Structures are given as C-alpha cells and as structure tokens.
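Have a look at the structure below, then the notes.
A, B, C, D, E and F label the chains in the order they appear, each numbered from 1.
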Amino acid sequence: MNDVIAEIKRDYIYELAKRSERADGRALDEYRPIQVEVGLIGKAEGSARVKIGNTQVLVGVKVQPGEPFPDAPDTGVIITNVELVPLASPSFEPGPPDENAIELARVVDRGVRESGAIDLSQLTLPDGKVWLIFIDVHVLDHDGNLMDAAALGALAALVNAKKPCERYGYGPDAPLPIKESPVAVTAVDLDGEIMLDPSLDEETIASSKLTVISGLQGALAGMQKSGTGTLSVEEIARIVKLASSKAMQIRDDLFGGSTDG
Amino acid sequence: MEFMKNGKRIDNRLPNELRPIKFEVGALERADGSCYVEHGGNKIMAAVYGPRAVHPRHLQQANRAIIRYRYNMASFSVEERRRPGPDRRSIEISKVSREAIDPVIIKEFYPRSTIDIFVEILQADAGTRSAGINAASVALADAGVPMRGLISSCAVGKVDDTVVLDLVKEEDNYGQADMPVAMDVRTGEVTLLQMDGHLTLDEFEQALELGKIGCASIAKMQREALIQKYRGEEDE
Amino acid sequence: MEFMKNGKRIDNRLPNELRPIKFEVGALERADGSCYVEHGGNKIMAAVYGPRAVHPRHLQQANRAIIRYRYNMASFSVEERRRPGPDRRSIEISKVSREAIDPVIIKEFYPRSTIDIFVEILQADAGTRSAGINAASVALADAGVPMRGLISSCAVGKVDDTVVLDLVKEEDNYGQADMPVAMDVRTGEVTLLQMDGHLTLDEFEQALELGKIGCASIAKMQREALIQKYRGEEDE
Amino acid sequence: MNDVIAEIKRDYIYELAKRSERADGRALDEYRPIQVEVGLIGKAEGSARVKIGNTQVLVGVKVQPGEPFPDAPDTGVIITNVELVPLASPSFEPGPPDENAIELARVVDRGVRESGAIDLSQLTLPDGKVWLIFIDVHVLDHDGNLMDAAALGALAALVNAKKPCERYGYGPDAPLPIKESPVAVTAVDLDGEIMLDPSLDEETIASSKLTVISGLQGALAGMQKSGTGTLSVEEIARIVKLASSKAMQIRDDLFGGSTDG
Amino acid sequence: MNDVIAEIKRDYIYELAKRSERADGRALDEYRPIQVEVGLIGKAEGSARVKIGNTQVLVGVKVQPGEPFPDAPDTGVIITNVELVPLASPSFEPGPPDENAIELARVVDRGVRESGAIDLSQLTLPDGKVWLIFIDVHVLDHDGNLMDAAALGALAALVNAKKPCERYGYGPDAPLPIKESPVAVTAVDLDGEIMLDPSLDEETIASSKLTVISGLQGALAGMQKSGTGTLSVEEIARIVKLASSKAMQIRDDLFGGSTDG
Amino acid sequence: MEFMKNGKRIDNRLPNELRPIKFEVGALERADGSCYVEHGGNKIMAAVYGPRAVHPRHLQQANRAIIRYRYNMASFSVEERRRPGPDRRSIEISKVSREAIDPVIIKEFYPRSTIDIFVEILQADAGTRSAGINAASVALADAGVPMRGLISSCAVGKVDDTVVLDLVKEEDNYGQADMPVAMDVRTGEVTLLQMDGHLTLDEFEQALELGKIGCASIAKMQREALIQKYRGEEDE
C-alpha cells in the first residue's frame, strides 16, 4: 500500500467514522460474518477453522501424555503457539515468532488459562504423567482482528478435542474437561467512535486496539491493549462493557449459549 | 506387512490408481494467487506473492526474478506434534520443490524481483512434496505469473514387488521404494526426481513410465480447476 | 492462602497502599540518561541512548525517530537461575512497554534516528514491567528526550475478593487477578492496559480507578526525583 | 569468476561437448583420478580421505553407544552430517549447514540407509542401548562432484570403522556389519551429451545434475536430481544405466569388487 | 567519538604518558577508587557490586544442586557467564555473548577455577548430586578495565555466597569452601610506559592489554593478552611482577589480606 | 599421575623438546594459500582467502583490510564426537589467534577488503591453537599476503614441577600449568600469551624463555617449508 493510497484510505475511513459508518457497510458494533468449522484435521485431537470475514485461522489441538511441571505435579499443561506464516500476509516473514505472534499466543493462552476454560486438575494420569495440551494457531489469511479469530479458534478446537486415551492405553477416549467459554472481543477507537472487529484497514489506521476476553457470566478473564495510541479511562470503560455483552451474543450464536457438557 | 491382495492395495486402489484429489483455486484473500488441495489424506494450502521487491537487496538478480519456495508443516499436521519451524527434511524439500517449479517460470520478465511460493502442510499423509508442488503450480497460474507450462507431480513406489502409483503413509513407511517425480507433461521434461529404496533397472523404467501417467492425470485436474475458476469468473 | 487480615495485606499494607519506592536519577555514566529504581523488592536499572543513528538502516523512518525498548532479566534476578537472553515473556513485555512509552515521546524532532531504552531487572518481585516503565520514563527525561508528559505505571489486582494496589509476588502468583496500567496522569491517557484473572465489571471499574490513583502517586515521586537531581545540579 | 570469463568458459565447454570432448581431456564417461586413503584420523572409529581430481573430502565415522529411537528399540542409529566449511571454497560461508549441505548429507544418508549398507539390526547392545553411527563429512577442497566424493568417503570410512566395544566394556572391538556397497555416480547433461563426474566448471554450467546410487548387483538404492534444469525421460534412462555400470567399475577398482567380510 | 576528537585524545594521552602522567591525574600504577558492596541481590545466593571508577559490574552467584559431569562425579561445577548488556555502553549490542563477552567470562572462569579459589571436592551432596555454581557477571557501566572489575566481583560474590542447604533439605546453610583469592590486574603499555587499570580511553588507545591473575602467595593463576598489539618479553616480565604485587595490595585493602574462613 | 621419569616425559621427550612437526605448503587447490600441519597427534589444515571483498559491507574499513580468523574443530577430531559449529572455547581461540596473527599483516595495502583465515582441526592432541597459528602463518605467506614477519607459536607448561615445552594431551589435562605463546621470533614481539594453572614468578620467567626457544625452532621449520615449496616451483 503506497503512501498516497494509504492517506486517501485513512481520510475516507475517518470521514465514515464521523458518520458512524464503515467502509464495508457494517454497524460500528457489528462483526463480519463468523464461520467456525471443526474437526478438519484428523491427525489433531481437536481442530477448528475460523473465518471472520476474510480473516482465516486454523487451530490444531494436540493432546499427549507428558511430564507435569515439577512445582505443579497434579496439573495439566497448556502450551500455546501462534505461527504468522508468510502465506497469510505480505507483511509476515519466515522465521521464529516475532513480538506480534508471541503477543497473540500469550493473550490467547492467558484467556484460556485464566478463565479456567479447562479444568487442569482433571488432566492427571495414573502413572504420574499429565496431559499436555498444545494449542497451535496457524494463521492462513490476515484481514484484521487476528486476536478474536485466534481466541475463538482455540476455544472451538478445545471443545472439539478428545483426550486420546486409547492410543496410550488409558481407557476410552474422552472430551477435555471444558468449564468456561472465554470469548475475545476487540475494539478500536477512531475519533471517539468505538468499532468492534476491526478490518485490516481499520486496525492499521487506529493507533491502538483493546481486546477484552470475558466468560459465560460476563466477567472479565483477560484484557490487552496494543498499539502506540492511547485510550481514555472513559473509552476503556465503554469498550469493556460493550465487549462483554458482545461476547455473550457471539457465544450464543456459535455455541448455543453453553459449552459445558 | 502385506500390501497387495487380489491385485488391490491396502486402501483398495489398483496399482496405477491415484487417490482422490480436489483443487480449490483462489482459496485465500491476501495472497496474489493461492490453491488449496486435498490429495488423499493430505490437506495443503499454497500461496504465491509476487513478483515483488526483494529483501535483503543483495539477493536481487539484475536480469531476472528470483524464486523462493518454503515448504512448511503445521505442528498439528502429523501424528506426534512437531516443533514449529524448518527442519533438515523441510529444507531439502523446499530446495527440490523450488527446483521443480523454477524451470517453467519466465523469470526474465521481472528483473530485481522475487516470486515467493509458500506451501503449508495442514495435514500430512505421504506425498506432501508432490501435492504441494501441484498446488503451488496452480497458485502460480492463479497469481498470473507467466509460465511455459504447469508442473505436475506424484510419487511412484514399490510394495510387495509391485510398482504402484501415489503411495499412502503405510506404503511409504514400510514399502520397498519411493520415487517422487515432477514434470511438465506437455514437453515431457522432468524437473524433480528423487528415489530411495530398492529398484532394479527394469522396475525403475516401469516406475518412471507410471510416474508419467500419474503426472498426466494430475495435469488434467490442475487445468480443469483453473478453467473452472476462470469460467466461474466470466459467468459472474 | 489468606491474603487479607483485619484490612491489612500480607506485607501489612492497606489495599490502596504502594510499596516503598526510591528513584535514583542519573545512576550510570555512559548512558545518555539513566534511572535506578527500588520498588518493594524490585531493583531495576533503566538507561536511555539516543537520539542516535539507526542500524540496520532499513529500520530508519524518514520523518521521525523510532523507539526501541528492551526489557531484560538478569539471570540472578529470580529464585531459580534463568538462562540469559530474551524469552517469550520478556519479548511481550518489551513490546507493551515500548507502546506504553512511545505515545509521549516527540518523535518528529529526530527523523532517521533511534531512541533506545534498556531496562535491566536486577532483582524481581512482582510488578517489574511497571517499575521498569517508571524508571525508563525518568531516564528519558534525564537524557533530555522531549516528551509531552511522564508515563507512570502500577499494577492493580484482586486478592480475597478485594481490589488492591501494587501486588507483591505472592499476591501476583496466587491472587485472583492482575492488571498492570500505565498512563500519563496529567491527561488521563492510558498507554498500557493488560489484565488476567477474574474481575466482574464492577471490580474492573474499581481497579481502573485505583490504578489511576496509584499512577498519580508514582508520577509525583518521579517528578520529585527529577527536580531533586536538577536542583542538586544547580546548587553545585 | 567474472561474467565475461564465465561466458567464455561456458561457450568453450559447450563447444567441446558438441565434439564429445572435455576441458581436461577426459572421455565423457571418465572420472578424474580417484584416491581413497583410510584410517587417517585415529580419534575416529573410522575415517577416509577421498580425492576425485582436486575435490577432497575427509569423512570421520564415530561409533558410540546410545539410546535407540523409541519406535525402533532393536535398531542402530545413523546420523549423517556434511560441513561445507569456508576453507573449501570461496562460495562457502561460516554458519549452520545451508540447503546444499543438508541435501548432500541427506542423499549420502539415504544411500547408506536404503541400500542396507549396514545391518542396523546387528547394532544392539546387551544393556538396551544401541550403537549410534555418526558419519561426518568434512569438505576440504571443492572442485566439483562433492556428492560422489562424499558418498564414497562415507562408504570407505564405514568399511574402515570398528565398533569400539572394548572402550565401553562390550568385549573385543569388531568391524561394522557391512552388507552392501552403495556407490554414487553423478552425471550432467550438456546439450544432449552426458558427462560423468562433472568438474566444478562443468557442474556450474550444466543446469541440472542427476546422482544415481546403486549397489553390488547394480540395482538402484537412491537418486537425486538437483539444479533448476530439466531432463527428459530418455536422458534419465540413459544416465541411470550408465551410472549403474560405472558404479560397478569404481567399486571393483577401489574395493576389489567386494566389501562384505 | 568522531575521528578528530579520537585523534586529539590519543595524542594527548600519549603526551601525558611520556611524562608518566595520566588524564585523570593518577600515577601510572594507581587504580581508580574501588568500591565493593556485597549482598545487594537477596534472590541470589551471593552477590557483589564492584565499581572501579565509573566502571560498574554486578555479579550474582546462584548455587543449586545438580548433576556432576559424568567424568568427574565428585566435583562441583562452575559455570561463568558475562552479559555485556547494551545498557552499559553505546558499543554493546543486544544478542548472545560476542567474542569479547566470551573472552571475559572464560578468563574470569579460569582465574577462579585454576587458582583453586573454591574447593570443588567439597561440593558433593549425599544423593550423588553436586552443587552447581553459576557466576553471572552483569556489566552495568563500561568505562574501561572490565576484566579486573568482573574478576573482583566474581571473587567478592563467591565469598559472600552461601550454599542454600536448607532450601533443598541438606541441613543448615553454609559458606562456599573458599581456598584462594585470585585477583586480576590489567596493564597496558603506552610507548613503553606501563599503566595499570586502564580507563576506557586508555584501553582504546593502547593496542594491547595484559591481564595477570595471581593468588595469595603471589603466584600466577592466569594470564591473558588481548588486542592486536604486541608486547616484548621484557615488558611482559615487568608487567607480571608489577601485577602480582599490586594484586596483593588490592586484596589487602579489600579483604584484609585473607579470605579463608 | 607421574609425568617425569629419569628426566624424560611420558612420550620420551626431553623437557625442552618439541614433538615431530611436518608442514605441507599449498595443500589445497581452491584456497589462495594453504598449509597442512602435523604436530604430534594434531592434524590441521589452514587456508587463506583474500584479500577479497567484505560482506556485509558495514564491516569494511576505509584505510585497511580487516582480518578474520575461524578456528573450527571437525566433529570427529576428538575422542567424544562434538557437535559441529562454534562453541565458546572456539570463539575465544579464534579471537586470540586472530590477534596473534594480525600484528604482522600489512593491512594498509588492501583498504575495504578482508583477509580470511580458516583453520580446521582434523585431529586434536593438545596445542591445537598454536599449531593452527603456525599453519595459518605459512598459509598467509603461501597466499602472498604481505607480512612484516612470520608468527610462530607453541605451548609451554609445568608437569611434576618441571617446566616443559609443547604439552601432549595428558600433560595438558592433568599437568600444573599451560601457557601458549606466539611471537615474531625475529623481533621478539609477543602476539599471544595466555596462561592457566599455577606458576611462581621464577617458573614463569623460565617458561617464557623456553617458549621463545620453542618458537624459534618452529620458525625455522616454517621458513624451510616455504623455501622448499618455492625452490620446488623454480625447479619445475
């Protein structure tokens, strides 16, 4: 995107924002169409492909027996990784995860972990081992709001996943002990207008984003501001409320309001 | 392990039969060209970016584009989770795949640029390099990169002393030989050839012949997938 | 674990009380600006170099300085010796800390340059990212880097269902929520906000309010430390 | 090599090829002089220095007890590595193995492994360990056709190697269980003329190479095309036949036709 | 430092040297003020901050139980690392230790190890483990002569350190078995004049340095010349004698002449 | 371990006796200069490339060549296979070896270039850095790099309270001191000096003197090897 076009786009999006409009015709608090498809990857114990508009991520969950951390012998282990492979965007480069991939992975990881989405105490095994849960987010197409797509993909893949007990001689396969359903909602602020689910153009123009992860009862499980812009305390308060109720709606639409059992 | 029974293979195919293959052209939004392929149990996404500027600059060629090719396996694509990032196997495959595709690209049209090909193995079930090359070739066409022809690839092998086409995992792991081939079927030029295992000279000639037939079938599917996409676009 | 007893915390503080904090401006000789901070059990050194030339060159911005921020833990700063070098946690903290400081720096004054901020955690006891940002902010002022304001940071959290200010290690590890905040207290602009754990919407609003108060107290100490240094210099 | 000289060289070599000649006077299917010297490195369990013309490689084989792969507890382990150290060529750079070094190592490794050169089932040890065989190829002088030199060096060093049983308390030292004798023959095609053992100039000019590894009975154990050129099916067939018979001749010359026992 | 200023500085320092003077008024064999402060880092088993003039290093010693080397099961382990963090000098860059950091670490390590400063045979533990001693040198401010500061910091932190026996259930804490007191003295030669404790300007100008590490009785435990200059045999002999007696004086001043017990 | 018996060492040498040394000048074809040395059990190949262009460019010096030196051990050069690539020891040895050779090279003749020295340890038996420097020095002369003199190097040490020349592995591992020295024997300038172990001041002076004698013998062999090569060439 050269500089002139970038500036024209910027002006255009700001103009629209002043009239509470968006380039793709959405309402400010409206998401692009969300599609979730589970079980695509038979080699993974759980998997989900999430599309939010043109943004597309594939999440694989592998579940394997392994050693617990020495200071938490009765607790399963979650390891989350995000790969921003260069196939997904002209701005991604080959190589080990950069700060953006690491931030994404750590926010997704904290959302799952801190919300108590998985009951880690139910992941012990009779031989002193525990289940290791690898959540691998593979980004395929980056058109903005990777955070929400990655978090949603992680949740859907976990719900889809099975403990492969049979394969390792621990009895019949069983679903993971899912207890919460954290959903991430990301907002940007353009000239005082709060927009949810920013497209790539919108998030490029907005200097900061706020992601809010909330659970079944609407309580907060995680938050992350990113970008070099600022937000006022009032803006933050507004975004948090809006995000918490939007998360409930997304959860209802996708999971029928409940994921336990 | 017994591989052949009543002339049929463990997945019920004939020796010279390919697995089911499905191409989806233009599966991605951001890439300049893309193709998703399902080939038996393989699920593979290929994307092409370019011609575009080369970084770092010292890689630039004054009179032609350079071609880069990255074959990469998702950590969840195989039975045991693999660590992300390139290993020795994927570095070799990236090299031979690049050399398999490079000959048909008309590089002189784009001096000082790069054409980047990315192949992500989302699920692996033997023959990923060949399936990746097939998808990459279609993605290049989808990106409008000028080419002298399409590259088509498949593996041939030997199980229970029988030369067979397009191995599945068990045939690959426990069979007697594995030989991936890539070619431009219209000119008959071979651009990739690897082999390991045990083949007599006669078996080798049989295998090479069978590889030609397999590539020809795949080339047909590649062309159909591209035609369908452009016909679809014209209809709109 | 019981965190609150008779309205007091495990280290005898009130819920809205900061730990003892001490800034030492200009603690280093070679750096252009520096600040050593002790914040409870945290011992942290921050240094600023720049504006100076950018290497490698392709990072240069034609119309402004770039800001780099490196948060690094000494191997002996924590109970179990840690391997030197960046890990995923310190890479994330470096990113959010840079984004916390960047908004107040007037970058347009120094095109094609870099301002490098280095924060070394010499001893860690919860809240290192906030204490590091506080020290970095003072070090920037000490280096004479033009800023629209000072950034002040502290963590807020929840233990035993009570919202508390400035967690110590045990509160951080075993408490119910942790929420670091950074802001320019004069404008009320928040530049860093992270949270994990469990907060109701009401608790969140309480916490954000308490964070504002904590940042305001810290801003006062930062200013005093800077005034003292420059008064000291004038006296000489 | 600057561009003008490169072009003149290229034209010259092509001219010669048209008349079935080569710059160093060899016949098209003739190798440069091959020298193999074994046992130079006393610290290695086996070693060989191979010169093909001015190309020179040193291969060390270390044999140590170690853990087998979990899925193959009764099988020894082969690990092959190639170092293209910058001492050997102005075009080699310090650093971890690049794609050329990795390709070389993997082709040599497959040649040894797939031909059954070593009977891995005879490498178990009474205590559940197995012998690990490290084949390290150190390239000293690169004047073309490294593949054949490396493969030959690996074979000669393996034949030269001993299992250091005494050192680890497993009884008297013994040779490795060598069962096959894979020999690599590399060819290039210049304007329809097939040349074996390309010199550096020849392989620089030819756009593709084909390496064919064959065993005692002439059967194929491995093949690798490399380079961005193409080969017709007919050329491949010709090269494979030629290579298989040339390999027999090389094996006869160097090992007296047999390496077993 | 641009080139003109560098040259003026260089001339100035050489002029002074000819008159046996130094820019900061010191005598040629005089150190800048040395300050040693121990125990700053409560999380480390031992720590010391050393200032020599404006040069400042912080050394942390961590002591943990761990596995001995297989070929020395009755011997504790010392691991020394130096971090030249970019906070300490405009010439230091982020990244893994470069050759300067590695040289510093290895010279400090050899000084401790070869002088017998710690009786490694007294670091065994009843369960077959041994104490691992990590000496981590964190350079904070680089104004010349890092070698002496690092070596002094390592010694002071070791003397300050305790074996954390209680934490790991091995009885009451105890000091490390210190047996020697190696002190490093570094000299440069400017036009035949030997200067101890070179400042950054002095060591930049001098093309080579010699560090001499000596023990309680004045005997040598380590030496390292560095830099691309040369030293005559006579200069070396003079420096070694001077350094050995200077080390005694520094040791007396700081540790009261004895560190054992 | 007893090292001295009847005035003789474990390999029957006198205290001031070198091991057998053999230089082969011009052992490689591609390098601009090369030298293979056998020194006791050490087998070492040294090669020199340059003066040639520097990459990356920012390493260039406007008024002189830079010198690079890479000491590298083959994985099979020692008893236990070592992982390929540099470790901390080889990085330090590369540095001190470069500084040992650099002073005699006339760098001003080749601004903006590099002279690259590569030393491969094919078999190691104590004293590899010294033997490598000796070979590198001859390889530089073979490459025609202008030098003010030849650098010669050997180790001195102490075993059974006796100062001895040119340690073998056992003397190095279990002896009392090890001190490698390098010098230009014609000017007496020392370019490398390292020591570890235990030496009294008197022993040190003895050792330094013995090192000078050792270097002088080696310098003679280096010169003879070079003369022989060029005489040989004239004869042809």
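Following the convention adopted for this analysis, contacts are C-beta pairs under 8 Å (C-beta built on N, C-alpha and C of every residue); 3 or more make two chains touch, one makes a residue touch a chain.
In this text the structure is predicted, and so the values were computed from the model without any measurement.
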| note | chain B and chain E share contacts with none
| request: Return the distance between the CA-based centres of chain B and chain F, expressed in whole Å. | output: 51
| said: Report the inter-centroid distance (CA atoms only) between chain E and chain F in whole Å. | reply: 27
| message | Nearest whole angstrom, what separates the Cα centre of chain C from the Cα centre of chain E? | response | 32
| query | Which residue numbers or ranges of chain D touch two or more of the other chains? | reply | 97
| Touch graph of the chains shown: is it line, ring, star, complete or other? | ring
| said: Let me make sure I follow the ring: beginning at chain A and going to chain B first, which chains come in turn? | reply: A, B, D, F, E, C
| task | In the complex, go through chain F and note every residue touching chain D. | result | 28-31, 34, 41, 43, 45-47, 49, 52, 70, 72, 74-81, 84-85, 116, 118-120, 122-124
| request: Spell out the part of chain E that touches chain F in their complex, as residue ranges. | output: 97, 99-100, 102-103, 105-106, 110, 113-115, 208, 210, 215, 218-233, 236-237, 240-241, 244
| request: Would you mind writing out the residues of chain B in touch with chain D in their complex? | output: 88-89, 91-92, 94-96, 98-99, 102-103, 179, 184, 187-201, 204-205, 208, 212
| said: Please output the residues of chain D touching chain F within their complex, sorted ascending. | reply: 40-44, 47, 54, 56, 58, 60-62, 64, 81, 83, 85-90, 94, 96-97, 134, 136, 138, 140-143
